[in-house]
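Note that the chains take the letters A, B, C and D in the order they are written out, and that residue 1 is the start of every chain.
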Amino acid sequence: MTVQDWLTMAVLLALAAALVVLALAERRWPTKLRRVAAFAALDSAIERAVEAGERVHLSLGTGSLIGSDCAPALAGAMALAKIAEATTMSDRPVVASAGDGALAVLAQDALRGAYARTGAKEHYRATTGRMLGPTPFSYAAALPVILSSEKVSVHLLIGSFGAEGALAAEMGERQRAYVLAGSDDIQTQALFFTTAEHVLVGEEVFVSGAYLQGTAMQRASLRLQDLVRLALVAAILAGTILATLGVAL
Amino acid sequence: MTDAALLELIGTAVAALLTIMVLSYALGDNAFFRLAAYLFIGVAAGYAGAVAWHDVLEPRLIAPLLAAGPAIVNDSTQLVQVVAPILLVILLLSKVAPTMGRLGGLPVALMVGVGAGVVVGGAITGTLVPQTLAAMGSLNPAGVAPQTGETGLERLVNVLIVLLGTVSTLSYFRLTGRGDQADSARYGMRPIRTPIVTISIPWPILPFLGEMFIALTFGVMFAGALSAVILVLVERLQFLAGAGNIILGGLLAAP
Amino acid sequence: MRSGLHFLWTALAILFGTLVLAGYVLDSPALQSIRSLLMQWAVILAAAALLLGLVNMLSVHWNKVGAQEKGWPYSALLLLALLATFILGLVFGPDSSLLSALFNDIQQPVEASLVALLAVTLTVAGFRLVARRRNLASVVFAVSALIVLLGTGPWLVGGNGSFFLTMGELRAWWSQVWAAGGARGLLLGVALGATVTGLRVLLGSDRPYGD
Amino acid sequence: MCSTLNLEEAETCKLCGSRLKPTGRLGTPSEEPGSQMRLPSTGELPPWLARLRKDVTGRGNLPPDLPPGEPSAPDSEELPLSTPEGGPDWLGRMRQAESEDEGPPEGEVPDWIAKAAPAPSPAPAEGEVPAWLARIRAKAEAEAPIQETPEQEAWPSPAAPEEATPPPAPSSPDLIPEPPATLGIPDWLLGNRPEDSPAAPEPEAPSQPSWLTVSDSDTTGKLPHVPALILDEAGALPPVRDEELGPISVEVPDWMTELQAPPTAAPPEARSNLAPATLPAWLEAMRPVETFRSVVEIEPEEDQTVEAAGPLAGLRGVLLAEPVMAMPRMPTVGGGRLEVTERQFAQAELLHRLVEEEQREAKARPQARARPPLLRWLVSIVLFVAAAVPTFAGGPAFPLPLLQPRELDVLASLVDGAPAGQPVLVVFDYEAGYAGELEAVAGPLIDHLMNRGLPLATLSTRPTGPPLAERLVAQVAARHGAVRQEAFLHLGYLSGGPTAVQLFAAAPTQAVFRGYLGPGGSPWLEPMLQRVHALSDFGMVVVITTGTEIARVWAEQTQPWLAGRPLVMVLSAGAEPMVRPYYEALQPKVQGILSGLPAAVAYELRLAAPGIAQTRWNGFGLGLTGVEGFLIIGLLYGIVAWVLRGRGA
């Protein structure tokens, strides 16, 4: 084990420990969330959809579950569980879709869990978590039908998308739905910036859970992100100075 | 003409037809688009499934199992590499049956765990550390950029721009506010009283700059994506033109 | 229903994840082998999950056809295409001429056409952006996009003229220096968010799986 | 009940008295889960989640019991998933469901689970308002025994009706970000519901006092919140509210008027979200009248959907029981003042929903009819024509790029410097849809590699990659007369996506089993690959991709195993900016980069081998010009509109 290994390990452990500590601190010093425009209207949009008997559709994206592009889908699954708890009892509960088999299974698990927690196990249908198509564009091609036939009025894209995400978002806009889109792919974020009504920029896609009244740890993780980001900025500035002074890093 | 040529012709015709049907979506959702889309989804799904079987499940699980036969349980490595995954797959597939579904949690938990591990490891060792290090450019005017070869003041300016962009963009993503700052915006306009006139500037300035840099970057990427898809559009139309020629030629050659 | 199973899955997910992660940061051969083994399992499971997803698709569309829902003929077509392709693929293999014909004459053209549709989608969205989002950011976005486009594409008039060349230089500078900063910041931010998200799972706080 | 006979036109109903319509709608909010969700400010999500959950648990299970006539059709039509199913044992299920609810909250810091486990509702999970929750818990437990006795002896069946029509008690806390009543009622409702409860409204009346008092005792705790709620929202009151609510204030006592404030103003942020700047002022002004009408119009079908979810299917007047029953009860235990507030709550709730209906209508109606996508049609036609003209008409000829991008020299020298005889790994990692772009861009590179006689081994981490590789490579190979399996072969599909890249980089021969379009058997046995055992045995690695993610993975994950072999990226134009940092870093992880049609055309010119790229050049140029035109117009239009709007304001 080299020094760097130990270093990385230490950093990881520090991060984990900080996360737990912050989560425990949540009760006394609750995190104050800043305004993220995209989330500002999400709650009421969902509520309105349920009242209107319209459907909330959440997409976990076209990434994979086992790859490095699974993070936004994991965040999306948590958001899905939250939204499902809110909509299990409505005439049209939330429906989730994904462009990958494993993600569809994940969506089903998240939904089943939410239904069970809300005591509506019997209302759970495996078809509320769907794989629309195994490839990104086959997924996008399947969206218009689900959007129109399910009367979707809230169209959430929280997952890993490629360029097909732009199509997916625009299809929601055509439906005049409330479209909130986020991806870990920055190029896709750029496309969302134009095609989606509400876009999650940068890391905002990962914090949807916290902004949906998430768990203490989800909220605490925002603090951790801010702290680490500050540390990164400091490190970059310090490193730049050192590099300028000729200190090899 | 030969059967092969005929098949070729039919294939081209189908492809051209589907292309037109899909492009019609630009004017509005319509039956033709849905027809083409559903056909496409079906084929894509079937193809993906076949590939998954042929390139993953069959060679990695079934073939070794059949090769080794019952004796496989005696081979420890085979047990780990073949039998265990087979059991996991069975558990996963058991999700089809709602009653058995509970046991399907194991493979999902495994995938999620592995995914999370890959994410954290990949993000830290792949992006956080290297990109942070890469952001520490030397401001020494004597430095030389290896690929672009720019030197001196030009490079210094560029490095400063990149540095400013990185730092301000990072500072834009501030998700938590202090004590009373719940739901506060990332920056506000603050009037600055100058001798001549009072101007209002965004404050704090860094998040504002960050937003501008983000918009700038997005614009660049948007343009890139746009030029890419325009090229694809051209290719489609050229394909249609070519297909038209082939089909006409085929029809003329047919009799 | 909060059965022990649920907590067992959580524990296992944490264990697997930690092993994989440890395999990243510590290069001990044992960990490496465990990690690659787990990854291979995950790959196999992902493939199996794809089949599961196909079953899911089948059931959804089968129900639609069975209930004669609106648009059921589409679903019927999909079922037909799916089963046909899948069976042909199983029998003859994905690299059979039949399958490659299906791919080249159906999948590829449709997918390419969908991408071509993006040209319209993005242009419309770009046109509307500034009028729709009345803020400085959208203006910066549009201007920046225009700079890059003008510097990328050929010009009918004045192509290879001095102004065009300067435009090309400007584009290069714009996208390789100015955008590089923002891109790096975004990259770091995304990586940070992904790390924390993964950590929440590894700490057993986020449990999107099982019930 | 008669309410089915006289629909919205009728102000009065022979049985139910004159408040048919308001109550008719009164029913709607409390019967619709949405109403439970709406009222707590968005800050209070967990409570309303909990409430929503509890209130509706019963009703959500009811559909099986509704008469065949009842239209649950729309659901089943939409979806198999929402088709109600399951037998009359829903009560049993409901009880079990309730008990299930008492689990430890999900998604918590593990050590909380222990603490949170006994909680009757997952509310504490959210780590909020533990104080009131304790109170609620106390109440809930306290109520249960009180209620049970009268319930079980006297009224075997009333559970269903009440439960199906969550009257004032459930509806009242809806206005208040505190769920005691709702927590209480369902608990005892569900706690002792006889398995066989046919929906019988009559017993409902006598059964009122029991729970009414309960709800009273509950609401006392909440009185302070009433003014709070009104004050909060009265501020944002739009001027139009009077005529907006005129029709109602006719029907309801005058005290209503002061109550009209909260609902009208309730979702101001919602309004801004719904139709941001899309409604001109005059339309805004006109809105209330028409939209109120529209609400009335859509009311029946709305009711139906509500009824479909209740065992009291068809008993629309049920909620009516509330004011009628309640008023005589008023004198009971300090109920007078309370009763009024409850009705205020209910009425405010009604207005709340009305306003929200309006908002939705206001959003949906005017736009839906408003504009056909003229812009999209225009853009489509212009772009299609622009991209097609050069193809069909030979079109305008755009000047080919004279100067070559800097990175092109680097790339070409890399190819020229690649060790002869050593195979080159070409990774096809793009969607089939991008073949149109990337075949044009990568064409010259493949051409160059084959010029040098370097054997190519293709790979893909996408199932659709191998056929794409075949498309391009075979096409180029045909020009060079290259022989399959000797000059090029396909390793095929590397399953597992980004994860698998690492496996492949570490041990290529164990990651890929069978080739694509090969004679069968392991491709590694082919002569051209026999000397390849590690990634570094490839003379060069070329990755053709659209995704920044996959590009990053290849740049980062394969680094340790490349052993200095050059890694070249052929990128879709959009992905370039994200990959450039790896190319321009002081220790570059990407040694060569090729992106965009101009670079490809320049490459073809350099090789003096005109290919796909040049055939696309003119169409690309004209199409891009069209796009630029639209963007410029859009930008100018946006700014002008912006400035004008600014002046106006």
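To be clear about the criterion, contacts are C-beta pairs under 8 Å (C-beta built on N, C-alpha and C of every residue); 3 or more make two chains touch, one makes a residue touch a chain.
Not measured: the values here are computed from a predicted model.
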Ranked by contact pairs, first place goes to B-C
Note: chain D sits from chain A at a C-alpha centroid distance in Å of 10
The distance between the C-alpha centres of chain B and chain C, rounded to whole Å, is 3
Expressed in whole Å, how far the mean CA point of chain A lies from that of chain C is 14
Separation of the C-alpha centres, chain B versus chain D, in whole Å, is 19
Residues of chain A that touch at least two other chains are 8, 12, 20, 23, 64-68, 71, 74, 78, 81, 102, 105-106, 108-109, 112-113, 116-117, 121, 126-127, 132-135, 137-138, 141, 145, 149, 163-164, 166, 184, 186-187, 189-191, 193-194, 201-204, 207, 209, 215, 217-218, 225, 229, 232
Where chain D touches two or more other chains simultaneously, the residues are 78, 80, 100, 103, 106-109, 376, 380, 383, 387, 431-436, 463-464, 492-493, 495-499, 546, 553, 573-578, 581, 584, 596, 620, 623-624, 627
By the touch definition above, chain C meets two or more other chains at residues 1, 21, 25, 39-40, 42-43, 45-52, 54, 57, 60, 63, 69-71, 74, 94, 103-104, 107-108, 110-120, 122-123, 126, 128-129, 138, 141-143, 145-146, 149, 152-153, 175-176, 179-180, 183-190, 192, 194-195, 197-199, 201-203, 205-211
Contact graph of the chains (line, ring, star, complete, other): complete
Contacts from chain C onto chain A in the complex sit at residues 1, 21, 25-28, 39, 42-43, 45-46, 48-54, 56-57, 59-60, 63, 69-71, 74, 110-111, 114-115, 117-118, 121-122, 125-126, 128-129, 141, 183, 185-190, 192-203, 205-211
Note: in the complex, chain A contacts chain D through residues 20, 23-24, 26-27, 30, 40-41, 43-48, 50-53, 55, 63-64, 66-69, 78, 81-82, 85-93, 95, 113, 116-123, 125, 127-128, 134-137, 149-151, 160, 162-164, 176, 178, 184-187, 190, 209, 212-219
Note: in the complex, chain D contacts chain C through residues 76-78, 80, 100, 103-104, 106-110, 277, 375-376, 379-380, 383, 387, 396, 398-403, 405, 431-436, 463-464, 466-468, 470-471, 492-493, 495-497, 499-500, 502-503, 506, 516-517, 573, 576-578, 580-581, 584, 596, 598, 617, 620-628, 630-635, 637-639, 641-642, 645
Per the touch rule above, chain C residues touching chain B in the complex are 3, 5-6, 9-10, 12-21, 23-25, 35, 37-52, 54-55, 57, 71, 74-75, 77-90, 93-94, 99, 101-120, 122-123, 126, 136-138, 140-149, 152-153, 173-192, 194-195, 197-199, 201-202, 208-211
Listed in rising order, chain A residues that touch chain C in their complex are 1-2, 5, 8-9, 12, 15-16, 19-20, 23, 64-66, 68, 71-72, 74-75, 77-78, 80-81, 98, 100-102, 104-106, 108-110, 112-113, 116-117, 121, 126-127, 129-135, 137-138, 140-141, 145, 149, 163-164, 166-167, 170, 184, 186, 189, 191, 193-195, 201-207, 209, 215, 217-218, 221, 224-225, 228-229, 232
